[in-house]
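The structures come next, written out as structure tokens.
Look for chain A in each of the two complexes below; its partner is chain B in the first and chain C in the second.
This part shows the complex of A and B:
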């Protein structure tokens, strides 16, 4: 087992305390079942996603940098952020502080005003929940712990955009066979395959879902999401696995809206990858928060004897 | 949906609705048509920015050259980079094995990828900010007046 990821700082972010609570719950449950330790960042703040970044990107860099400085002060070299938005913003702050003198200056000024340690790029590594499980446990380690295989369950893995874009803030990706790919990400496929699932070839795994425009331009988002859902079904998927609370909520919300507004019903279920992994590890559906999902997968889970 | 995209959407819908035998009988022609539809979609985007769509190729495909042209100075357009490459992949897959038992399914998946490209570009034509926030990591409202007292400096 890889020592650095055995115990990591955990940055849930605001979505995992709200709409994405099931992701938080299942991430913690899976960590516990795998013997991995998560230590919550003390007094963490918003990463600056959406609201702050839209208005003042340098302030967003500071907010994310403050979270990184907390991790450092707590003695951690690694912080794990399951939310794509948080993960992306922490990575972006890291990049900005290493490459943009104006961001460094704003961060220095606000840090002094707030009276905490100034974060220096390179002091803490930000990882995603996928990196965490993949590197700390790995496929073979996971296989050895599976108690309720996902065998026969056809899954389309949807990574969304902020896990891989823009490419320059993820210098560790695209580094060969054991690294993640920005063109065709595969870490979620690797983990769920190890849990027994049949991951279908899904050509839209990083395609746009409308994301930040989900509410302001709902029709655009609904049409994009409907195509993601129908394509997953055409690929034979029964479930779309997600690893981002914004994607997850968008898929669930626009699945309902597509039926209401466009009259197009889709049956594919939407579950966080941590919920699927948790049930494969023998945890109940309730334990991984399936009842909190908007999309009700209970018939499928019953048929597959999961959860 | 903008008028420019309606005929493209209709053609994609016709491919998706075609019987399996009909798709399999003209597999290579459909593969070529999907690429051409993708190029036409990107031509609309490039032209909307006041540029002349390129006739060059990247890695042997005009579609990829058009994507590169469309993303110049517009990093959010990289949100459809993988979609363009998937379209090329599906076209290659069909062309490489036109008699494969799953060829009709491959054409349909290629058509769904083309439809996503069409939806994304149509969305960008209507809302230029689509993809800005996430894929380009660029703020949507930087430069707009900030309320008094709200600025960090």
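This part shows the complex of A and C:
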């Protein structure tokens, strides 16, 4: 199989340097194990997450466009962002700068004042860590490299909001077989199935965890997360696989909060999909940063002889 | 006549007589239910235009009231009072007093974008929710919501250094909203983490708290962003017929 994403620019973002460090660690470890090269974006800035757009959406567009222009300066056409928030914002900037003259105007003005290269639509394309592994290695390639199959592990794949919505900003999705679906995404299911896992039918794969108000409206977030957790358990899942540090931390935080505040305990474990893939590729739990997760999945990993 | 969709009518506008006989016919209970008539004269005809002038509200005029947004809404599923379709209707008609009855929950939109995904008219209801919450704050109808306090804290750190550090955002947010940092569940979470974490990771976290992560060469970008934010704030206030020289924080 050809490898279109053999070497890509890597945009970790703020969360992957903080609470989502396990995701950064496992993404890099999986890339290394698969022989894929990541080159860190130099002097990147925050994408604005879900907060800056509420001050002004065009500021978020500028912040992301600055990161895209860095990738261009470094000679890359593809930048890979594992965080759903970063990925979404970079895609949104690509879309807005190709379609909205007012956004182009503001970006031009801010770029000129800040004194760096201006990003032009189409010069750089953002992909998610899922696209990266799916396109560069593919299911067959992955199967050939599995050393510690996830056989029998029941996984609910949770994609969250920002990976598929709004659909307008993802022109490569919904293009039939082999493309990702915005209504019923399956790339994570494809990859983890190739790694031997049994992916359960999980109807809430694109439901919202309330991550935008994780702290500012904690009761709402707890209710939304509890629904995700109990539904995953009802679907027979032992693990929820995540692909976003905000969702991941939100699920872990509100799993504890639901127990402390509402007295509702759930047992399902929460792991980044890269952690599961890494262990299937024969990496240790420590190598994929399991000890950095807020929730402790070691019982399950021991029982399944993983990591 | 029976009233269908009774749940859509505010309870105080429904009148039922437990015991009532009209011209010899017993119409007690449900048989005498009717909706209180009302006359509305206090339309705010500027409201749609003002909300459309704020970021996110631009396409509100496209709405044709299909209700796909409310049907898809994450928050509506846990609180039926949260109804984007209805609020867009009120804004477009200028029924300000009706909108104000829900002023304290509009900020609760979680930006999941299910509405924007479902909308057949590209209204961008998520943006309209944000513009409406913003409008309510600027007009002084609501105090700053916890969500906006979080957004402002987060954004000010991005503008200042190009990056955020989560511990600092957390502390700043709790300080802004006057909450104590030692929430029971947060402490339980941290204790669990401290028990298992390797020392090197803790040191890295501690270090990030002391030495703020920042983007190299950010100075000029910071100046450009500060200027833009100032311009935008003044423009928003002008659009809402408020004194542009005042700030709204």
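What we mean here is this: the second predicted complex is superposed on the first by the 304 of 307 C-alpha atoms of A that agree within 3 Å, B and C clash if a C-alpha of one lies under 4 Å from a C-alpha of the other, contacts with A are read in each partner's own complex, and residues count from 1 in each chain.
Simple rule for what comes next: contacts are C-beta pairs under 8 Å (C-beta built on N, C-alpha and C of every residue); 3 or more make two chains touch, one makes a residue touch a chain.
All values derive from a computational prediction rather than experimental measurement.
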Looking at the superposed three-chain arrangement on chain A, would you call chain B and chain C a clash or a fit? clash
Could you look at A:114 and tell me whether it touches chain B, chain C, both or neither (first, second, both, neither)? second
So, does A:253 touch the first partner chain B, the second partner chain C, both, or neither? second
Give one of first, second, both or neither to describe whether A:267 is in contact with chain B, with chain C, with both, or with none. neither
Touch test for A:204: chain B only (first), chain C only (second), both, or neither? first
Looking at A:234, would you say it contacts chain B, chain C, both, or neither? Reply first, second, both or neither. first
Using the touch definition from the top, say if A:166 reaches chain B (first), chain C (second), both or neither. both
Touch test for A:63: chain B only (first), chain C only (second), both, or neither? second
With both complexes overlaid on chain A, does A:302 touch chain B (first), chain C (second), both or neither? neither
Counting residues of chain A touched by each partner, does chain B or chain C come out ahead? C
Which of the two partners, first being chain B and second being chain C, lies in contact with A:44: first, second, both, or neither? second
Give the stretch of chain C that clashes with chain B in the superposition, choosing among 94-102, 112-120, 148-156 or 238-246. 112-120
What residues on chain A does chain C touch that chain B touches too? 50, 53-59, 62, 106, 109-110, 161-162, 165-166, 207-208, 210-213, 217, 220, 223-224
Which bits of chain B are touching chain A when the two form their complex? 75, 78-80, 82-83, 85-86, 89-90, 105, 108-109, 112-113, 115-116, 119-120, 122-123, 126-127, 129-131, 133-142, 144, 146, 150-153
Chain B partner, complex, touching residues on chain A are 50, 53-59, 62, 88, 92, 106, 109-110, 161-162, 165-166, 169, 183-184, 203-208, 210-213, 217, 220, 223-224, 227-228, 230-231, 234-235
Can you list the chain C residues touching chain A in their complex? 55-56, 74-75, 78, 108, 110-114, 116-117, 127, 130, 134, 145-152, 154-155, 158, 162-167, 170, 173, 177, 184-185, 188-189, 192-193, 196-198, 201, 204-205, 208, 213, 215-218, 220-221, 223-225, 227-229, 232
Any idea which chain A residues touch chain C in the complex? 14-15, 17-19, 21, 43-46, 48-59, 62-63, 66, 106, 109-110, 113-116, 161-162, 164-167, 182, 207-208, 210-213, 215-217, 220, 223-224, 252-253, 256-257, 260-261, 291-292, 294-296
